[in-house]
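Take a look at the structures listed below.
Here chain A shows up in two complexes: once beside chain B, once beside chain C.
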Partner chain A sequence: MSDPRDNVQQEFLAEAQELVEALSRDLLLLDEAHHRGERIDPALINEIFRSVHTLKGIAGMFGYKHVGAVAHALEDLLDDLRLGRTAIGQNLLDILFDSIERFQSLLTLEDPQSPQEEAGVQHYIAAIRSIGIEEEVEDGDPIDKYAIDPAVLGVLTEYEEHRLRACIREGLRLYRLRASFKLMSIDDSIEALREKAQEEAEIITYLPSMEGGNDDTIELVVLLAARVPEEELNAHFESRYGSIEAIAERTHLPTLPPRRTSIPVLSMRPPSEDDGGQASLRSVADSVRVDIRKLDHLMSVVGELALVRSAVNRIVDSFKNDVTHRQSSMDLDRIGRGLERQLLELRTGILDVRMVPLGQVFNKLARIVRQAAREDDKQVRLVVTGANTEVDKLIVEELTDPLMHLVRNAIDHGIESPEARVRAHKREEGTLALNAYHKGSNVVIEVEDDGGGMNAHQLRDEAIERGLLTAEASQELSRQGMLDLVFLPGLSTRSEVTDMSGRGVGMDVVKTNILRLGGMITIASEQGTGTKITVTLPITLAIIRALIVTVAARTFAFPITAVQEAVPYVPNDVHTIHGRNVITLRGETLAICDLGQLFGLRKSGGREGRFVVIASMGHRKLGFVVDELIGQDDVIIKSLGKSLSSVRGFAGATDLGDQKVALMLDAPSLFTEYFEGPDAFRALESRP
Partner chain B sequence: MAFHALIVDDSSAVRAFVRASLENANFARVEEAGTGFEALRILATHAFDVVIVDVNMPDINGLELLSFMNKSPRQQGARKILISTQAGGIDSQRGVDLGADAFLKKPFTVEELRDLVSRLLAPVEGVSG
Partner chain C sequence: MSAAQKATLAPAPDSDTGAVAVLGVLVGNEAYGIPLACIREILVPPPMTEVPRAAAHFLGVISVRGEIITVIDLAKLLNLEVRHDELPGRVLLVDNGQELIGVAVDRVIQVYRLEPGQIEYASAMSADLSDYVVGLGRVQNQPAGSSDDMLILIDPVSLLGE
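Take a look at the complex of A and B:
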């Protein structure tokens, strides 16, 4: 068993991450409302406060000193904001937005107490504290105007009391609503009530009362503030929640605040054994948080079960011609089919659990867009489609950095300044579109801007200048080929580098990361019109459709996403150009590589093999010579383990049943090995 | 001696922390509620020796739960611990008025929590504030 504290720690990190994401989402809403000059919903500010407040609390308990300190300072600021002691302004918004990055980096610290962070954190806290407080002018407590039951006032939190005060100041009237709710469904009923109320009223609080309730129902006294008179409010709620009474305004002085009520302190009794409702003590929360590694484990169990299923199949086969066991054989066959159906369902179910909407990443990107546009003094409108498109959680995690880089690029280098746009007869405000959709077993993500587009010839000249391309080779390049040069390591279209685009990584790293996920990236750009980058990824990494082949009596699997086609191998058609074997396929020259020789399974120079499997990565193609094509199969990849993790060319291993194991070929690294040689490989690995 | 505790907090990390702190010490059976509504459901049908409640929760807040417990015959034996982040504020004053037996100021440590709970449940009739 693992240390229970580790689990609790995981719980902390997961919740902290969720809180920071919620904070980011809510800040964007706040920013939008502020810029449109709309009334800011107090509930939104309270949500923001609550996220920071909770983060502060848990950070302290789990030893995340810096996170706690930053959250504490922000909490004070937000408290002033929600209690009306300070106003929203650009400076305050900027400081709030800064917190997101800060929290994220502080949460990933190896040592959450690291002294190196101290100075930066203190500097930031000083900035937070520097935001001034506007003192509220008190002209008597408006709450005194109403004859509110002291028992109700006595259970209001400071914030609720503030909202009550603010509502009275805004001229809203106070009402009391008494209604009974079924305990089992109270959450939904209150949600419905809240939605219904939203148009006309603000709910201040819900006080559970003991009257009129039993074990199944409970009566709540709801305190609400509304803009409309009593009859209208009653009509609005259609008497669905019982009667609504207006709370009378006072004509005389308020009574004293409630005193401490004494309640009898009974002596402690042992835990009662006679609890009638023991069975009903179940959690009503409808979601759980699961470590993705547990799902990986479940998936590998499904893989093992599939092997059991094939063992059953073999037994069925062996009984097939045996008349004496005919009945048993048929029964076994039926059971086997049932097992297979359930297995498929189980696998689909587990895959489904791993899926999360891309909206999670898009929210982070929205923040980058806002920040980059401000830094560059550009106007950018973000248009998102397909935020609900689902993809494997692991892919989403790995996607964030590459997509962030692409978005930053689009704003830094794509979208022009408002002046330049006007000169080009475009709208001042540029548009950045993020589109996601499913396409077969892939998910496609597009990052599209209506900026200045890429200058293909400039890219080519740049590549020649830096010695990445010979002038001779450049002659043969199509326009698309020139655009693709942007993926070469060390090529950037501008000499000056902004502090942009995620810690100085280039498009080559973006591409490598996408390839590692079994995906691909393509670029389309028209000068003057804009650029569209398309990233295509598998929906999940847990199961891969593979082409199974044999080479020198050993079995290998190609991820089908990398395979374009397979053609018969004709040794006589092979030519040698620049020391590389090539064949001509439909007029196109194609480099080929004998897997048997590459892996040292047969001596070089031979011309064995019967098929060429043509794989593609982006615009590059390479033919792999193999012996047999066995067929396609959905396989579950298993890691090769730590000791073999440095072996290049393989993504893992997979069970094929019959006690056969196939190595899964890693197309991106094979391409690198072949085209750039082993040195390129090492350079790739040494990258952080 | 095993006792029955309820932790009401909308943060699952806090609930996990409290549960691990009390259960690992072989102290308690700990139930969790993530919202005030969930707490109402559980409090309506089960008696507890100690109930630990966060003040600031959406909808039903911690003070309202204390007020409910005061009125509930089933919870007359329960010790009430209020979790708040600021000591001495309006929220904690109201907590005292509603008969909270003790306060836990967030962040708190495993030891603080265990000490407080054992103090409150000690068979001597002393109530700390």
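Take a look at the complex of A and C:
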């Protein structure tokens, strides 16, 4: 159906995107290690080099000229870094981080060859090149400290030589290990050795020895650098690989005669060089990229199968009382149940495929945190928990922008400057925590900072000043109510627009986006201590469990996530406060709202025999009066058509079988309507 | 919408002679024509679910093979004085270019082929016609019950139902 070239293009973009994301993740690790002054894992730099290398390769194949050129320049820089010709510094890290944005914008170009981009790309490449090569200034080569056979030194690659130098400088001891390997399985065995060594040591190189070995085996001499003493190293390898001996340090005699073993000059290509392309090809082989629309389609097929199944069930039921068909009806019933189980499994399977870890978003946010902190001259430590929490792919996509804004806000307005923090007896470095976890069928994401917190009264005054709130109405506001004002359109606690909030979105837009996803956002803030924003979202949008109710002979469905409980409605218990009906439930006052009246389906309020469905959204609760409770069901939500999109209060509709449709109530919008009045919507809509 | 624009929205000819196939339907006692090309299906109305607080011309939503379809009452949309004391006779699934919508009518008459000479465009008429009307089609063998031998041609693109 679609143009095959488009598909190939999509494949490329998806793979390039993955590479850029991997690059971004690794750069963050590098940045963190650098800032803590930790030892930089050479494997990490190799990983970064490989991502860029692969990106360069595929960009070339698909005619993404600019991406290729940038990747090429970066590759050179990373190669210098890998070989120790350049040291890691702030400038270099900045240049590397810039590449992420640059790649992302270049990948979204309609014309990947676009000449308009030429100047910008060349400028950036010049910046990369200007990082230049800082030749190492040495007080004598550290390798001279050891009595290494010159024959070995002669065959080291530049990279190996650099690693050898670096290891010695870090104070690692050098060892020589001899081991024989079966020729048949030598690659795997060396890989196993490499892994085994990783915790304690680094393999610099290995070369075949001339002594051991026969037709089937070969003896290798492995040059190791280790942090641990000889005995421990021996214990680590459990003598499985033969003898380990320490290489003597030279004392005063730099020309100590070579040791007994002489290693022949026989070059074997070490696998650490240049296997990047292949490694990445292998790593994608067992996963498939799927267009989310294809999954949506499968999901609706499953939905239709469920409808077919209930139609079959009805026929089975009609046969049950018929004696002549007794046996076949029982058989059909059994088969029907089997079908139902398989259907459920199929549905679960498809839902599972749609799930992706939130870590994808968190990585993007980590970059924002770094950038924002640098622009603001603030010190921010990012603590992430629950990056493995899985959410529907669609939700993840829609979530990125709101979360990005929350994170920017937390750094921009929340966390104080280091000086201010010291004055407030806090650690200089602020902490921004991103926590994600499952709670029932919801996923909760918290953005929490230990900054200055929000000034509730200032918010209130600001709202009055801007005419968003009357002084009279402000009297009734609780502290929480004042904090919630931050979600009103056109309210910002800072009058000046900073560089960071330059995207022109406010908390009101964040809230609208979260509500659109069927979620809820709440705010908690203590002045001087910090702010915590909690976003609660459904795990998937496709299928939800619903409470089916009737109101004025019409059927509606409540998302079960919003429902706390249902209690019988007792008209005598209803009181009126400020024109609103309330009941008392276990000592707590609860506002109630008759759905029939709200929807204009009846004039009179509730009467005996009805029920109150108590829904909660964040810290708010509201009871909805309904006529009957029908039961719970898993339903597939379909959106209402475009023409009905302006009708408030419904999140969609669902087919209950038999072509009977129930409207799905949109709890967040009903809450907003009840507590803030229908005008709240108009205010939201007037914004772009 | 200007008259010129409306003319371009006229049913596209689907034969060499420029003839257009339209489905004639009865709403109240007036006959309307909807281009056949945009009609996907003619349904016996399934159970209708009313949408509270939607505009009056929305009858509600129906489920067609699992998809939720919004149904518009053509009579109410055109401000016809018709009483609906029962379900509509038929629901047409119409592709208005943006979504598949249901259009409720009282009865389906038949498919007509209108030659260019049989169509009179609204832009050429002085009569005050509704925004949803492209023009008039003159047909001979009208069935009994309709007031005249005119088909009022509906522009499907205008049936956005806002």
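Criterion: the second predicted complex is superposed on the first by the 393 of 688 C-alpha atoms of A that agree within 3 Å, B and C clash if a C-alpha of one lies under 4 Å from a C-alpha of the other, contacts with A are read in each partner's own complex, and residues count from 1 in each chain.
Methods note: a residue touches a chain if its C-beta (ideal position, glycine included) is under 8 Å from a C-beta of that chain, and two chains touch if they have at least 3 such contacts.
Here the structure is a predicted model, which means the values were calculated and not measured.
**Student:** Using the superposition on chain A described above, determine whether A:G631 touches chain B (first), chain C (second), both, or neither.
**Tutor:** In the superposition, A:G631 touches no partner, neither chain B nor chain C.
**Student:** Does chain B (first) or chain C (second) touch A:D655, or do both, or does neither?
**Tutor:** second
**Student:** Count the residues of chain A touched by chain B and by chain C, then name the partner with the higher count.
**Tutor:** B
**Student:** Please work out whether A:I218 is in contact with chain B alone, chain C alone, both, or neither, and reply first, second, both or neither.
**Tutor:** First partner only, chain B.
**Student:** Thinking of the overlay built on chain A, is A:G467 touched by chain B (first), by chain C (second), by both, or by neither?
**Tutor:** neither
**Student:** Between chain B (first) and chain C (second), which, if any, makes contact with A:P115: first, second, both or neither?
**Tutor:** neither
**Student:** Using the superposition on chain A described above, determine whether A:G37 touches chain B (first), chain C (second), both, or neither.
**Tutor:** Neither: A:G37 stays clear of chain B and chain C.
**Student:** Which residues form the common part of the chain A surface touched by chain B and by chain C?
**Tutor:** none
**Student:** Could you list, by residue number, the parts of chain A that touch chain C in their complex?
**Tutor:** 300, 303-304, 307, 554-555, 599-601, 636, 638-644, 646-650, 652-655, 658-663
**Student:** Which residues of chain A touch chain B once you look at their complex with the stated criterion?
**Tutor:** Within the complex, chain A contacts chain B at residues 4-5, 7-8, 11-12, 14-16, 50, 53-54, 56-62, 68, 75, 151, 154-161, 183-184, 186-187, 190, 205-210, 213, 215, 218, 258-269, 271-272, 275-278, 280-281, 283-285, 289.
**Student:** Under the touch definition given earlier, write down the residues of chain B that touch chain A in their complex.
**Tutor:** Those in contact with chain A are residues 2-4, 10-14, 16-17, 20, 24, 29, 31-32, 34-38, 40-42, 44-47, 49, 55-56, 58-68, 70-72, 76-77, 85, 89-91, 94, 96-99, 106-109, 121, 123, 125, 127.
**Student:** Can you tell me which positions in chain C touch chain A when the two form their complex?
**Tutor:** Residues in contact with chain A: 46-47, 49-54, 58, 61-63, 65-70, 72, 98-101, 160-162.
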